């Protein structure tokens, strides 16, 4: 290809620098984030634990705030399996897994029913 | 502040004029609107009343088209109280109080159920 | 009207050409489309028919893939009548007739109920 | 009596203010303010203020007077009131009588908004034709022709082409009803419009608001040159005429339909439509796009979007996109196009002889289109086997105006035979009419751009 | 202890990088980078690279250093951290304490986004004031005044004016609460702001974010000239002040309300509102539009859209348009206006003496407005028959800040008498306040544009 | 046989028209129309018309001929048909086989729309590269880089970062998979692309459409200068390549994953994720924004919006904004970006050697990225306690392509052990990959803008 003749070698050199620095910084950034989010729960857990300890709700050697149990995990796994088998049917470029959350709407509040009956035409 | 030195006294004078004229006109505008909407229901009530009178549905001395009763008001007040206690949970920069209205949608019309069964694949 | 004086006669001539060519081409375009969509179902029907014939599911002289029956048509007509009598109530600049289709949503998948119970707070 | 009181109150209010502004008489309401003079007055006054030599009561009075000169009362003319009445009429017809409310309510309110009188060229950035105003920014979607294709996207996502696919010969009815477009084109030329203007006016006969707006924004936009003559900006009148007549379809069409058909023809029962497969529905927008746009590439912005919306609908795998295209997106664009088209009827721009002629031509256009569709249906019947004949009442649905025109066919059909439902048969020519008028627009754009 | 570990980790990371960039000390964090020098350094360095005469380890080090010079760490100043703290405060107040979250969460996040330090004028197209950046494009909706009318459209589609229609005299309370606007205007003039700037600042007292932003975008936009002096760009501070105080309405108003009312007044029970017919609801936006905009045409972009939205809601035939206007459209514009107003607080532009003065004036403004509303209610009562008297606690709702101010009235009413619900009575002045401050804005625009 | 009839019908139609236009042979279909000549011909013809000296039948024939010269048939070349086939292929793959339909259906239809042949430079304002056309206005969101951040806003509002927060070390996998970006950058340089072009091509390896489009719109936009050389406009090919390979992730990744892992590794079971508190979820976007954007401010438009969307979601008090951001707003932008990116493949711009090379490099990029993620997972395991080890199959999910890549991990995991569900573990690196590639893009923009 003729294009090959045009490459200025300096671009390669600068490109290599960018690549090296780039991969280094991407790792650094995500590693720092990883570090921070590794510490946050421990920090909160400790706060919670010392609070519970103070209040005498747990004893000194007891664990507090445990992770999910094995059964829970199995249940999730099963659910995931069901989820995967329906996969073909879902719209797929979009991310992710969301809880169905009951959503408070003021429009459903009792007042409207009442108003509806006797206040507005 | 150095800024204070820069004030042209004329701006103050014009500012005062704008303020005076402004508050005057705001009041005038809203007062006229108030006046108009004060009259509108009376106008319609009269129309309705004379129509009912003509049709003999009410007698000359009877009131027509009364306002809401006291009980209604109490019911609304109670409802409002309930509403206020849920207040913290609602999204709050948005206005207001709306009736839940049944909303006609052609998609729910009976035809579609039928078509669904036997016309389209 | 003064405007009448300004008409360049050439515009009339070119206008006539555009009108003639225009109506001709509109017809041609929609006629070709009509022709194509007339053939498409026959093409698919034939494919389906020969497949069924090959598999022995229908006999040589049998029709395959019939159109809607008369009763169906009557049912639709009735439904249409009901539809028309509700017409005044519908929002009307918008086209069309749509099936109510059950819509798969991943958010309703069983996994989320499960996760809701025990995985997320 | 109380009504009199209200009126009295308003008059009192106006009287009070006009008393405060003695040099300007109420009788001036009808005059056109000569913008420059008032502005000059303002600047001289503000320099007076700068000298600060008068008493402050006098100042306040001058302030009110100055403010008054910017108010709607000081700048109103009889034209403004006429247009405001027109806007109120639109609101009345749509809200009280349900004529195409999704279009006429925004347009009606837009007419009010566009005809609040204000001091032109005073830099207040209010008017729709004033650079930098909010309305002007929103109006850009009209002048640049952006809104109509987005509406077509939503319509495509909303439209079920099944009826058309199941009975493709009704496509020809959609073609026949475009006759109105070309007849009106010639008529407009005879009335003295330039060719691009006449073409835009003709499109009113397509009974398709977005197509009419798109064509006008390209050909009759106040900028387009033709044989050395600059076109007028006819977007407003054309759009208003198109939507008005679309709303009036239930009044315009029936007499013509009855005139052109015999009782026997109106009784024709049509074969029930056949089942349409999903594959056919998917192929329709693809083939439709390629075919029509190869023939008339200028129709691409309209038809491309229509068929794009339709494939989002029919593909079965992009439902959420189709849903948004036919709800939020369509609604937002409908609000904006209605508002700005309405507001573009600013009295000084709109109330011209040309607008009147456009309204007259539009009426003709709709009638010819209706007649074209019905007649062609009768012509087709001559060549069709008896069991395949079409009821000529569905021919009129070829004007588009979806689904109002199809309903007119249904109503007229029921009038002749209360058990003969034509609605679903009429949906075919109805949506074909949308395609037909977009192709017609594309052809004229090819010639004239 | 673990917390210390985290902090230590971050410091370590920063230390490592700063070690790689020996010429730039960590202590430099607080200085303002002199953009030009770094850029120059970059270009000389890149020409070095072109000569390719150094070892590659050296190159990589220079690469990191170069990259570092563009990073937020190298360009941060104490001002940035102050603003970031402000953003975090907004997020905390809105998420933890529920203060107007729909506005303060976007604004708070916007403040963070707008105050990520970067190398100014380096062509990276990040900053909101940098031509060609995405934020700058989105910010155009603020500077051109497009977002506020769209928000008013949504608010109109959302607002039930029944309470106002059923008790029209509460419109006057909405007028009285605009006192804050005009008092602040004068106060701002005395503090040395130019007249257009002062008018924009005054509007903060209208307690209406979109109106404040619209007015500022017209009068205090950094471009507007007045007596030969260019206005400062105060859109950011004004918007932030307006929204902050709107969020703080539950804290600002009660003391003033209690100060100005007697126990007896706070106990006044108001007549229950009468039934409002559909026709009245339809007439309201039409008459409201014509009347207010004839008086102050400059308020058209705001009030026109408010009443347009309301007729979509009340007409009964355009429900889908009203629904979209008050959901998708309103949400999209809310997201964009919150984000860009927040980001417009870019430290170097925002942290000035003027901003501080604006915040001080805003507080005054809210207080005067509250006092105005309450006092006028007391004044009205002097002229009203006993059974028609208004509870002065609803006067404070005239500041708009819908519906927060109405709730304050309700809460204060319940405090005096736990069975006296004022919410629905307060909704009248509350929505009247929206109209009132838009009219006030229109008047000032008429004078000053 | 009937099929033949259809084809015959079309040929007949074309034949009829070409008969009417005797000077232009059907064989000309493949040639590039020399725009100027036809235009010249048109103007001379229209002056002929002005002289009005020929018979009208002749006129009509010339009219048809003139119209023909603007049609797609007259302007089609083999390139157009190739691109149309490509568009049909996209539609087929997405509709029939469900490959990323929300992106590929709009892109596929966009390719058809963009490759309808028309007469270039004829002022018809159709083409996406033609100033004033509707497509060109919509395309502005791509060239100005506005759409990608809005998509990130929606993705942020949609994405649950719980899995990432519960297992932060998977962030490193998201970093490792960015290896593909930098390797491709070097490879592209060797193939002769300029540095900014190469950087944009590299980002394809990030497996993130919006990031790729944003980077290309900044660096390979046909305007950007580098060392005196103007970059090519590579937005189209890069976007198409990125989305194509994202759709093909289920085909590209598995062989590489199996090649690089042992059976034993594929069986690793991971600890179930821990419960994540609401506070952590709220802190994540805040800390993420500050940290990543301090490091790479150029990533602000992307990451700022991603984290902004996420806080709308997680704050718990702005649900309606998050809902709109992830539904209406995301859908509208998806429709527009898909359509315009597809249409930007206009044959004469798209079909170049560069596009081919970009497709080749894109494939390499995805493979290296996959290998990077998987290998780094294996490397991590060397340093982790046995109970904390990660299954290397989730490493490949670090390429982003959310959630397709995570599903590939799940499927491959089940293949090795039908009871070992990796999906939720893979969501961590998957969303980390989005952050990682945006940071990588930011770094390259810092260097190259």
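Should a chain be cited, it is by its letter among A, B, C, D, E and F, assigned in written order, with residues numbered from 1 in that chain.
The working rule: contacts are C-beta pairs under 8 Å (C-beta built on N, C-alpha and C of every residue); 3 or more make two chains touch, one makes a residue touch a chain.
The shown structure was predicted, so the numbers you read here are calculated from the model rather than taken from an experiment.
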- prompt: Is it true that over half of the residue numbers where chain E touches chain F are used by both copies, so same, or is it different?
  reply: different
Option in C-D, A-E or A-F whose residue-number contact pairs overlap B-D by over half: A-E
- prompt: Superposing the C-alpha atoms of chain B on chain C takes a rotation of how many degrees, nearest 5?
  reply: 120
- prompt: How many angstrom lie between the CA centroids of chain A and chain B, rounded to a whole number?
  reply: 43
Message: Suppose each chain is reduced to the average of its Cα coordinates; what separation in Å results between chain B and chain E?
response: 25
Task: Can you check how far apart chain B and chain F are, centre to centre, with Cα atoms defining each centre and the answer in Å?
output: 49
Field: chain A, residues touching no fewer than two other chains
entry: 14, 16, 18, 20-21, 25, 28, 32, 35-36, 40, 68, 72, 76, 80, 83, 91, 97-98, 119-120
- request: Please list all residues of chain E that touch 2 or more other chains.
  value: 63, 67, 98, 101-102, 273, 275-277, 295-296, 317-320, 327-328, 443, 447
Statement: Per the touch rule, the chain B residues reaching chain E in their complex are 1, 3-8, 11-12, 14-16, 18-23, 25-38, 40-41, 44, 67-68, 70, 72-73, 76-77, 80-81, 83-84, 87-88, 91-98, 101, 103
Field: chain B to chain D touching residues, read off their complex
entry: 8-10, 13-14, 16-18, 20-21, 24-25, 28, 32, 35-36, 39-40, 42-43, 46, 119-121
Query: Which of the residues in chain D come into contact with chain F in the complex?
result: 144-146, 149, 153, 218, 282, 285-286, 289-290, 293-298, 300-301, 304, 307-308, 311-312, 315-318, 320-321, 323-325, 327-329, 443, 445-447, 449
Field: Of chain D, residues touching chain B in the complex
entry: 1-3, 5-6, 9-10, 13, 17, 46, 49-50, 52, 56, 59-60, 62-64, 67, 162, 273, 275-278
- prompt: What does chain D use to touch chain C in their complex?
  reply: 98, 100-103, 155, 158-160, 164-165, 168-169, 171-172, 174-176, 178-179, 181-183, 185-186, 189-195, 198-199, 227, 246, 271-277, 279-280, 283-284, 287-288, 291-292, 295-296, 319, 326, 330, 353, 402-404, 407, 410-411, 414, 419-421, 423-424, 427, 431-432, 435-436, 439-440, 443-444, 447-448
